[in-house]
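Quick notes on the structure that follows.
Going by the order they are written in, the chains are A, B, C, D, E, F, G and H; count residues from 1 in each one.
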Amino acid sequence: MSVELPKLGGKFIQMEDEIGSMASIIGASIGGLKSMTATSGPGISLMQENIGYAVITETPCLIVNVQRGGPSTGLPTMPSQGDILQARWGTHGDHPIITIYPHTVPEIFEETIRSVELSEKYRIPVILLLDEVIGHMREKIDIEKVDKNKSFKRKTPDVPNEWFFPYERNSSGVPAFADFGEGYRYHITGLVHDVDGFPTSKPDQIDAFMKRMFRKIDDNLDDILDWEEYELEDSEYMILAAGCVARSAKQAIRTLRDEHGIKIGLLRPKTIWPFISSVLIDKAQDKKKIFVPEMNMGQLLLPTQRFASSICDILPFNKINGEAIYPHELVSFIRRNI
Amino acid sequence: MSVELPKLGGKFIQMEDEIGSMASIIGASIGGLKSMTATSGPGISLMQENIGYAVITETPCLIVNVQRGGPSTGLPTMPSQGDILQARWGTHGDHPIITIYPHTVPEIFEETIRSVELSEKYRIPVILLLDEVIGHMREKIDIEKVDKNKSFKRKTPDVPNEWFFPYERNSSGVPAFADFGEGYRYHITGLVHDVDGFPTSKPDQIDAFMKRMFRKIDDNLDDILDWEEYELEDSEYMILAAGCVARSAKQAIRTLRDEHGIKIGLLRPKTIWPFISSVLIDKAQDKKKIFVPEMNMGQLLLPTQRFASSICDILPFNKINGEAIYPHELVSFIRRNI
Amino acid sequence: MGKKRYEIRLSGSGGQGMILGGVILAEAAAIHDGINATQTQSYGPEARVGASKSEVIISDGEILFPKTSDLDVLLCLTQKAAQEYIDDLKEDGILIIDSYYVGNVPSKYKNIYKIPFSQIANKEFNTTLVVNIIALGAICAATGCVSEKALFEAVKARVPKGTQEINEKAARLGIKLVKEQK
Amino acid sequence: MGKKRYEIRLSGSGGQGMILGGVILAEAAAIHDGINATQTQSYGPEARVGASKSEVIISDGEILFPKTSDLDVLLCLTQKAAQEYIDDLKEDGILIIDSYYVGNVPSKYKNIYKIPFSQIANKEFNTTLVVNIIALGAICAATGCVSEKALFEAVKARVPKGTQEINEKAARLGIKLVKEQK
Amino acid sequence: MEKNVVHKYLRKNKKFPHIWCPGCGHGVIMSSMLRAIDKQGLDRDDVAVVSGIGCSSRTPTYVDFNTIHTTHGRALAFATGLKLAKPDMTVIVVMGDGDAVGIGGNHFIHAARRNMDLKVIVYNNNIYGMTGGQASPTTPSGKKATTARYGNIERSFDICELAKATGAVYVARSTSYHVQALEKYIHRSLSKKGFTVVEAMTHCPTTYGRLNKIKEPVAGMIYQKDHFIMKAAWDKLPEEKREGKFPMGEFVDIEKTDFVSKYLRLIEANKE
Amino acid sequence: MEKNVVHKYLRKNKKFPHIWCPGCGHGVIMSSMLRAIDKQGLDRDDVAVVSGIGCSSRTPTYVDFNTIHTTHGRALAFATGLKLAKPDMTVIVVMGDGDAVGIGGNHFIHAARRNMDLKVIVYNNNIYGMTGGQASPTTPSGKKATTARYGNIERSFDICELAKATGAVYVARSTSYHVQALEKYIHRSLSKKGFTVVEAMTHCPTTYGRLNKIKEPVAGMIYQKDHFIMKAAWDKLPEEKREGKFPMGEFVDIEKTDFVSKYLRLIEANKE
Amino acid sequence: MDKKIEFYESWCKGCGICAAFCPKGAITMDKMAGKPVFDEEKCIACGLCELRCPDYAVIIKKKDKE
Amino acid sequence: MDKKIEFYESWCKGCGICAAFCPKGAITMDKMAGKPVFDEEKCIACGLCELRCPDYAVIIKKKDKE
């Protein structure tokens, strides 16, 4: 980044810590730039306070988190999926958020673009969650396939200064964003605020603000959610997995189908937050069992149980020893448990 | 604290920020003291990295979080229950944790003592989650009732230096803690470590360490979990609520029973993490509906749905306008929904 | 007292000692009368300039919901406080106002004590610092929510050493003023 | 190639260019041969002192699981690397070792190429810097996992300008050395 | 037309009086800032005022510029991002003492080191005002705070010294009493490129004053009048007479290329 | 019996050689520290070595004391808590330059301000070594790092100056080449009460060296030999000859009561 | 000197700063009302009260300047 | 002078520092093995190689001191 950005007129700065990094990308976004930061492990915990600030001020920005094993310093450069629920709940105070979880290097490329787009469109920070396995891997990207003309500008105000409400409640739920310096002199604050951007402690204004913050996401799940179905059509069993575990799962499915004749498929959320609950409920209907393999003690398992435990049996497979889940482990676990 | 502690020979220090506060109580605990810090809102997000450090190094300490409204600066000094899931998942990396949620001032007193006890006994940070309503309230404490002779010393090593393994895998799952300066010169690290305290990247050692960290909690739920049942005996309906919302719920139950003849009771987790899942499953069996009122968009709701949605209907009641939930609101919501 | 739950709000401007007043009242009930009481107050920067309030709930039973919703008693020392809070008072609740500062109040309230607290304090004690204590006396006499003895003890325990006597006098004066209006 | 999925690990000590080697091999397959390839490596402080490794998976189908589990080919340039990694090689896998540094290897492996890479590099090119490229040539010839043309192109694209010729020579030498042993 | 320069820049859609306590020095600092901005003749669309959290940090709410009320201690980091995005904008960063050198100390020294072109105004009331009077890193030794009831046992920071040691190109100190000098220094800082710091000593009757027996606003200002001495006089003062007195004036005024200018050159040199 | 003082303090249950790269200066600093501890005659049970995260922070793993490897930048805050709990323990804090004044800068200046009795040794290799060579706040302007490929455009911190400005009672600098002076300064710092800082310049062949063409360990040490000049000589050096050279020696050596001593007095005075 | 003193009472919080530091003693505080009272005669329009008022409640206009 | 040079080869990483700064040129690096070779004759037991070895692989003992 520090090498490439200047060539393109972009800006790179190495801040003193991750708190500062998170703060500065918000500042840059307010100034009208698309901005991002990246970290692994401890850094993401330090960013939490200001992630909440981006949520409440509705400032678009992208946070990349390459997960490592263990809490704290843990297992640097070893794979894990320990930050899935932190991505949802890491900052204090109730809030919505979007988290995207690609599973190949080319998909990282595509989903980074989609993440920025969602972030700008819904004025919300987006976390791009990666696995170390894929974060430290080279894989083929067919750059030709990427639509380079696709561009997304944030929605900016189309009314004169005096009529501009920075946090107006419009039908889309997403107010226009006035970049600083464009003549709309308004106020941005991490306090709960009213449509005019100024702090409020009036229950009805608080309620309206908070509800809109959730509504802008809940009302647009069709656009925000994304997932892959792999060999699910005729399946009796289903694996639910994300990130690199989904690759192991696919490999396992190949073996299970080809060598053992077991009808099994994969449901892979690409958007993990908000969760693909209705898709899961739909797909779970005709399944005998759902397997949830994860490199943690069970995190995607929680929403899966929440939404599908009344539909069918759910079996977690958890591995937290710093290794990836091998396809053969999954094959034998599944064969033992059907 | 700054006034009282010196009188008792205790130590108080105001650190430069909450990161430092969290770090210093861990340092003090390693030095053999019982230690705590307290915050509200943003501070708890800043503490997350080092909370993870306390988890992985198994250092006892107490963190008090008086919740405020909204993400970020939000609604200072206004009540909310927005940090319930953050208390569980706020730090990066999969990990266990204990969170206690009292609902009256005298209970804060008792539960603070219990929290410190649990923290020392299981070598884990304990979060004491409070509501602003109760955090900023005066209420009667019958100090006579408190057992002052109750004292708990952490388990210290009872073998000579050379035979001491700071992270041994014993039957209890909790290794003895050697305070620094007592002759056991060992190493403490936030990296995943083996029984000798030194970092490891061997899958079997990692696995054993991580599993023990979870097991020491899972195996002792009987001791760690606590809850109150209020008018639950003959109830057809159940409210599940914690903290000050449980007080509104009790008041509402009085009205519903006394004035409307509705058989309804309350299940109130005092320990919220780990969740009282088996208790909930047990109590839910003969209920028609479970109501889950919260000052957030639904957080305790999640484990409730996860464990009980296949047993009975679950109805959330959420309020996020900076006000407490009034008993009459609950009364009318419940009457409308039964 | 004849009531299980009694909701009281003291309101005035910052610096009039409303919070200390609430604490004393709650302690009179909880410690000296031996029944239950809670006290809450509003915090935050807004509390510094605008109206300041302190709430006390007294009950001989368990106090469940700790916020007030239907006030039994409202004390207002300023017009601003009156404007802000008067709607929370029950129709049959007791309203105690500083009659020098608080002008109109809704006609629906019948149980009103009008006392020019600040002026009296200035006249009798040559300071407005005791206004909150006079008001506590008034509340005690108007409602009986705490016993006079408990109030005196609670006052003595909380006010600075050396001012205990004058504060007890202030409390007694408050009681007298209400009794005169009864 | 006749195989759908081909797992290759290059191992040696830090500084022997194993990572660059892996990248070149993967690019030869993915960019120049137009099939699929992934490349991974170990990171972290330990990687600096101990054995260094780089893994490449080549497949004409989709590469699902991106980590190696059963190696088809293992290159070991040091005894330490051989000790650490040899167990991951399939019984019918191909083992390529620097015969000057690597001594004993388990007898179960039959497809072994023993080449004194460093000595040859020193002798032919007067530098050990091209050891990794000679080794790539050897892998190419021993396995056919990438075409020779693709390998040369990939090498040329990755090595510093000015060293392209000598590096291509090194690759050719590797190919020749294996062919001689076949 | 507005009645005076201060009113000219106050937000029309905000209710006044502001939220600060009666007689709080923060209001005086804010008006000095507004007059300095006016004197500098900046287009208000090209001015941003960024704050952290605290009483002082309520400033952005009231002034009619592009304003951000960020998180506690992080204002400089937000401002750094904004400045990178908008190199031509004048970015003023107002912070309390706790904000600036307590929780925010690291961003302060690094922004100074980098020479980010940010105009810092520290409202120094020697205490955490908003949260009721905890000690700040500038609470003088021996003085009281809610977290230092027995008198502060810590040494206190000299913010100007810190700014100087870490690389600021302009550093000055004045007080809410010495309001003309204050305006002059802020104006001076606005006209310089690079990291500038004006430390505005402000009296806080409600917390610092109450705890340290300077309860009345007027007393707070008299204290400033008596205890702050111009640098020139201070330098001549014998050591033993300095006790309890503080220097004010301009401490640093040097030229150094700022970070963003250097970065823009780097882009120019490497653009494809 | 151990063969020499260094071996005496190495952990018997750890495998050597250590994890540092061949020729890395960190090993030299660690042995200097061990010799200084030995000279000071401390009981090893009463010594704690606390670090943050980084190559330098691997030190605690190897030495036979009470050791903590904390989180990045926070070592001083952990050490502060430990020192409060164990006032008589000698708490040595080893940090990298990034650790100490990058992410950890705020704890550094506040521990100095408070005069916490902590013995800081900064292993300064002018870069983030462990993570592969990102610029640190001490990377000299113009030098390269993975995040400053075009040469660092930021000004760099002088750690000794920062320590001095913020209140340390003892400040000294030496290098992994000037190993005898290094040992002497560390020993001196161990014998003082209060916040002490020894900045140990260390050569890092693998990252800083590789990026800045001082790849060989020996070259790194020769650089130190040629570029670091004793303070006395430095002070006499004309400005134009200072370019590219750095002073070493003892910069601060004063007496001030430390925080914990003051706190213990406060307890004594107010104990019930 | 011709001048005009504008005073916005509802913005004034009665802190007394204007009165305390008026070089001519032209301002006195009305104790009961807690607000300043200006003596136009004594005032020399130095503007210090305007500069120091924390609540922007005083404006001193020199007429000759307009 | 009577002295003993102890060298722990398995700890030595062959950095060459000892050799480069030996004041007497008593150490040379064996290029093939990448390890130092000590010339006891030249050595004056100044101990500098021991002090500077980053891997604690050399110990110089002065016999007369024992």
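Just so it is clear, a contact is a pair of C-beta atoms (placed from the backbone, for glycine too) under 8 Å apart; a residue touches a chain by one contact, two chains touch by 3 or more.
Keep in mind it's a predicted model, so treat the numbers as computed, not measured.
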Quiz item: Going only between touching chains, how few steps reach chain G from chain D?
Solution: 3
Self-check item: Selected pair, greater C-beta contact count between B-E and A-D
Solution: A-D
Exercise. Could you please state the distance in Å, as a whole number, between where the Cα atoms of chain C are centred and where those of chain H are centred?
Key: 86
Quiz item: Where the centres are mean C-alpha positions, what is the separation of chain B from chain F, in Å?
Solution: 39
Quiz item: Between chain C and chain G, what's the gap in Å when you average each chain's C-alpha atoms?
Solution: 38
Practice problem: For chain B and chain G, let me know how many angstrom lie between their CA-based centres, rounded off. | Solution: 57
Quiz item: In chain A, which residues are in touch with two or more of the other chains?
Solution: 6, 16-17, 19, 42, 49, 53, 72-73, 76, 78, 189-191, 201
Quiz item: Can you list the chain H residues in contact with two or more other chains?
Solution: 13
Quiz prompt | For chain F, residues that touch 2 or more chains besides their own | solution = 17, 20-22, 53, 69, 71, 103, 105-106, 110, 137, 150, 263, 266, 270
Quiz item: Of all residues in chain B, which touch chain F in the complex?
Solution: 6-9, 11, 13, 15-17, 19-21, 23-33, 35, 49-50, 53, 180-183, 185-191, 196, 198-199
Quiz prompt | Of chain F, residues touching chain B in the complex | solution = 11, 13-14, 44-46, 48, 50, 53, 60-61, 64-71, 74, 77-86, 89, 106-107, 110, 263, 266-267, 270-272
Practice problem: Give every residue of chain H touching chain F within the complex, in rising order. | Solution: 6, 10-17, 20-21, 48, 50-57, 59
Quiz prompt | In the complex with chain A, residue positions of chain D that touch it | solution = 23, 26, 30-31, 36-44, 63-67, 69
Quiz prompt | chain C contact footprint on chain B (complex, rising order) | solution = 76-78, 105, 133-134, 136-140, 244, 247-248, 250-251, 254, 324, 326-328
